[in-house]
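Some notes on the structure that comes next.
As written, the chain order gives the labels A, B, C and D, with residue 1 at the start of each chain.
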Amino acid sequence: MADLNINIAGIQFKNPVTTASGCFGYGEEFKEFYDLSLLGGIFVKAVTGSNRDGNKYPRMAETPSGMLNSVGLQNKGIDHFCSHIYPLIKDFNTRVIVNVSGSTISEYVEVAARINELENIPAIELNISCPNVKHGGMAFGTVPETATEVTRAVRDVYKKVLMVKLSPNVTSITEIAKAVTNGGADVITLINTLLGMAIDAETQRPVIATVTGGLSGPAIKPVALRMVWQVYKAVNIPIVGLGGIMNATDAIEFMLAGASVIQVGTANFIDPMAAPKIIEGINEYLDRHNIASARDIIGALKVS
Amino acid sequence: MADLNINIAGIQFKNPVTTASGCFGYGEEFKEFYDLSLLGGIFVKAVTGSNRDGNKYPRMAETPSGMLNSVGLQNKGIDHFCSHIYPLIKDFNTRVIVNVSGSTISEYVEVAARINELENIPAIELNISCPNVKHGGMAFGTVPETATEVTRAVRDVYKKVLMVKLSPNVTSITEIAKAVTNGGADVITLINTLLGMAIDAETQRPVIATVTGGLSGPAIKPVALRMVWQVYKAVNIPIVGLGGIMNATDAIEFMLAGASVIQVGTANFIDPMAAPKIIEGINEYLDRHNIASARDIIGALKVS
Amino acid sequence: MKKFVHDFIVAFNNRLNSRHFILELQSPLPLPEIFPGQFVQVLVHNSPATFLRRPFSIHFVDYAKNTLSLLVQVRGEGTRHMGMLKPGETLNLVYPLGNFFSIPSSGKVLLVGGGAGVAPLMFMGDYLNRKNIRPDFLIGFRSADEVSQIDEYSKYGRVFLSTDDGSMGEKGFLTQHSVFSQSSFPYDHMYCCGPDAMMHAVAKLAAAKGSACEVSLENFMACGYGVCLCCITQTDKGNERVCVEGPVFDAARLRW
Amino acid sequence: MKKFVHDFIVAFNNRLNSRHFILELQSPLPLPEIFPGQFVQVLVHNSPATFLRRPFSIHFVDYAKNTLSLLVQVRGEGTRHMGMLKPGETLNLVYPLGNFFSIPSSGKVLLVGGGAGVAPLMFMGDYLNRKNIRPDFLIGFRSADEVSQIDEYSKYGRVFLSTDDGSMGEKGFLTQHSVFSQSSFPYDHMYCCGPDAMMHAVAKLAAAKGSACEVSLENFMACGYGVCLCCITQTDKGNERVCVEGPVFDAARLRW
């Protein structure tokens, strides 16, 4: 049995397998499938300053080896999160990290400051990459200057581990990665969804109400892997990798490319047992290859 | 039987279905499958100033609903093209358009000037989006200023229809589209491949020799459709659309989003008969919907 | 409610007509308690074009045989591949999902279904009978060649039939059936499942007649168990998830 | 050479052992002329993980039955799904692809194959016999439980056998077989197919013995008919396409 422990920026994960924001709710629903304490961690759904209804229905479209979504950060806001959600999740025997979103820098700051006070949340994941909101979201994550600015503003009020989740919809992911590192990020999460679109040829209409939406699933895995690898070579802070991870082999690919921890997103929809299966599979892989610790494969890609 | 004729920038295509550069050779091989005169047009493999051996083997990897390639513009150069290839293809009873690549602006200009003299080539497609070469290629297509510059330089020597093929690996596709329009492009082709990567977890090595490569196939269709739609709204010149088109339904989606002509790329590998089948399917669709001409569905997406 | 993910074995694939078939699926584990109106998420593993699972109402549960059945209408690639499954092959389900029809303690019940929307009504009929309630069924089909299982429904209650073309039962849409033109409308509870337009019309009729009405909504779903927030519908409480707060809703609560 | 794309009907799926099987595929159209060394591109339509076609050598052609056969080794998802095909099901092929073994006008011939690399040699043996040349076969397997079809090969020539573990035939790799230690090496022509390392070794031996040697290369292919330029190998003429200028190359021309 290999050692699956991973420590990033001082946070201890019992294994590198966590679940992606927006694909795992607040964990409650998964209790009906398995014991959450199996997981390395849980990234919960985006929290914003106040209540958001999200976008109109329909919010999803199936695409080849993937899906588009335009949920649009539906959530009840930070007050509700602190009073109603936090009590439910604070004693989960796994790392619970909150994904933070906003339309303005001050909204990000406000939410981050509030979460700073929640004892059992060791980190936030700043979502500057949501393609499904009209204001803010991805706009912050596609220009280096604003990426630095929002990161620094949050850094000033948030004293625990600051993760920043980047958008793949950029010309140079390393430039943005450096920008948030300069802004004070402790960890970089890669990637959020690619901006895409689906059309129903019969009705001649867009499939989702917002016309464009975020593409996730195995279709985007090659792009995600490439970005993890590029950023791994460009910056010195740890990477949380995701994008189309369906099984342990995919997870290992991300770790080889440079991810310390991985997230399981869309795969949860296809198989609710995906995350625990991936943990098992990583363990089996490490044993089969006689690798003592999951840490040993991080960035271990042999390029010659 | 609907009218399938499409005229863009003064070039008459007998139908909107053409084949993508790098996915159809010089057409010769497809003669063994069907009559090339069925096609609206053929975009032949990239031609550069001098002979290029291309990248090392392995040059491809299969990915979910797609593939990576790193062929790297292997071709025998413009001299050989003019003397050996042009005579073979000049009398094809379809539009033959040459994809032009280079490492420097002067190389693009040199090749374009030479092709300007070939009577039966009505247009070139300037490839400023190849992700598989160390110098030039995509680098020209990801910065608005250089995109304008290379387009303008070629425009000065190339007197027929100038198409420019853009890279999807950018933060704002509309900005690049505007840049090449300003540089004098007559038509915009969207999209080239997304930069991606594949890893073999067992050997812990990249699958392709160049580590990263270009992602094509249905996996990228949602991104391609989105870009066609964005550019259709942003500029006033015609669009040639491609990216993951496998069948007539896909082709119609691209036309609804704003493409006047579509290209069939990777689909040729899965079904060599893909292009003629798509022509048939478009015809059947138009008839079924009582649409008189293929022109009527260009940009006809109903967004309300 | 505990949920499960595992393979079932196809016991039967029974073609009803060119567009519909019933899959009887046997569980290798004892089935948990399942309620009428709940659904399953099916992994169509042999269809390359089908990435996400597909939701289907539970058409029938036979605890003695340890099977559950799905009544499926062929619509696209996923359902087409499901239709080719042969006995002995497997199908992976996530189940049981969603809420369920409320069971009335008294009053007369009408179960209304059109097309593949009849799926959950067989199970509901059986369930009501076990609670000593004998419902009536009002079932609509496109035409006589799609009419099927009338004998089965008849086991659980009286069956009214309509076909769009009048080739069997009363002619016209469900909502034009003479049960709705009775001078005094006898039903206290209606449960309805089918195309959106039909459910709208039935809900309107129910409101006019003063009958309670629950509808089972169709919807595009990614997960099916509440985590993706793709499947929302607007109710008096804002956006609710059709896969958890539904698929069954009191029609009066919907803003559709 | 005209090429075709159409469905074949699976006539037989014959398991040879846990890792190998033979698919006999019947064409609905009269087969065109096919040469030994050519290959087909298979669409594995029932495997969601398999996007591109998969190349397989033509193992045998029976013009009387209008069938062609593939000898397949299970490696990944594509071949696993092919292994589950049942008689009556269909398989879509692009064929005939690639060049072929040259047919010598005189001299003694040795056909050398290891593992699934034996695939094209059966057809080559048959073809040579029809040209009145009786070749010898040297075939290598991992162990006795993988040895198969020896009677078939024997119809076309003498068979030498080796197994890695010595459980049948001579022990060791193909290239260690005693045919190569004969004082005067009798073969003028060798044709070889199998893993890269084996072909290297055989080509080296052939060069040493002064025998002509053609090898059939494996390669990652996207199209299979010359348009994608993914499948190149370095030869004395630079990068050549394995799917068109190959898969058969004169070993002396390769820079591998």
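Criterion: contacts are C-beta pairs under 8 Å (C-beta built on N, C-alpha and C of every residue); 3 or more make two chains touch, one makes a residue touch a chain.
Fair warning: this is a prediction, and the values are worked out from it, not measured in the lab.
A.B. asks: Please find the path from subunit A to subunit B through touching chains that uses the fewest steps, and give that number.
C.D. replies: 1
A.B. asks: Trace the shortest sequence of touching chains from subunit C to subunit D and report its length in steps.
C.D. replies: Shortest path length, in steps: 1.
A.B. asks: Report back the single chain whose CA centre is most distant from the CA centre of subunit B.
C.D. replies: C
A.B. asks: Nearest whole angstrom, what separates the Cα centre of subunit A from the Cα centre of subunit C?
C.D. replies: For subunit A versus subunit C, the centre distance works out to 36 Å.
A.B. asks: With chain centres taken as the means of their Cα atoms, state the distance from subunit A to subunit D in Å.
C.D. replies: Those two chain centres are 47 Å apart.
A.B. asks: Which subunit C residues reach two or more other chains?
C.D. replies: Where subunit C meets two or more other chains at a single residue, that happens at 50.
A.B. asks: So which stretches of subunit B touch two or more other chains?
C.D. replies: As it turns out, subunit B has residues touching two or more other chains at 63-66, 217.
A.B. asks: Draw the chains as points, connect those that touch, then say whether the picture is a line, ring, star, complete or other.
C.D. replies: Per interface graph, the chains form a ring.
A.B. asks: Which chains touch, pair by pair?
C.D. replies: The set of touching chain pairs is A-B, A-C, B-D, C-D.
A.B. asks: Enumerate the contact residues on subunit C facing subunit A in the complex.
C.D. replies: Against subunit A, subunit C makes touches at 1-3, 5, 43, 49-53, 94, 219-234, 238-239, 244.
A.B. asks: Of all residues in subunit A, which touch subunit B in the complex?
C.D. replies: Residue positions touching the partner: 63-66, 68, 142-143, 169-171, 194-199, 201, 203-206, 211-212, 215, 217-223, 225-226, 229, 244, 249, 252-253, 256-257, 285, 297, 300-303.
A.B. asks: Hey, which residues of subunit C end up touching subunit D in the complex?
C.D. replies: 45-48, 50
A.B. asks: Would you pull the subunit B residues touching subunit D in the complex into a rising list?
C.D. replies: 22-25, 29-30, 32-33, 45, 53-54, 57-67, 69, 71, 74, 217, 266, 268-273
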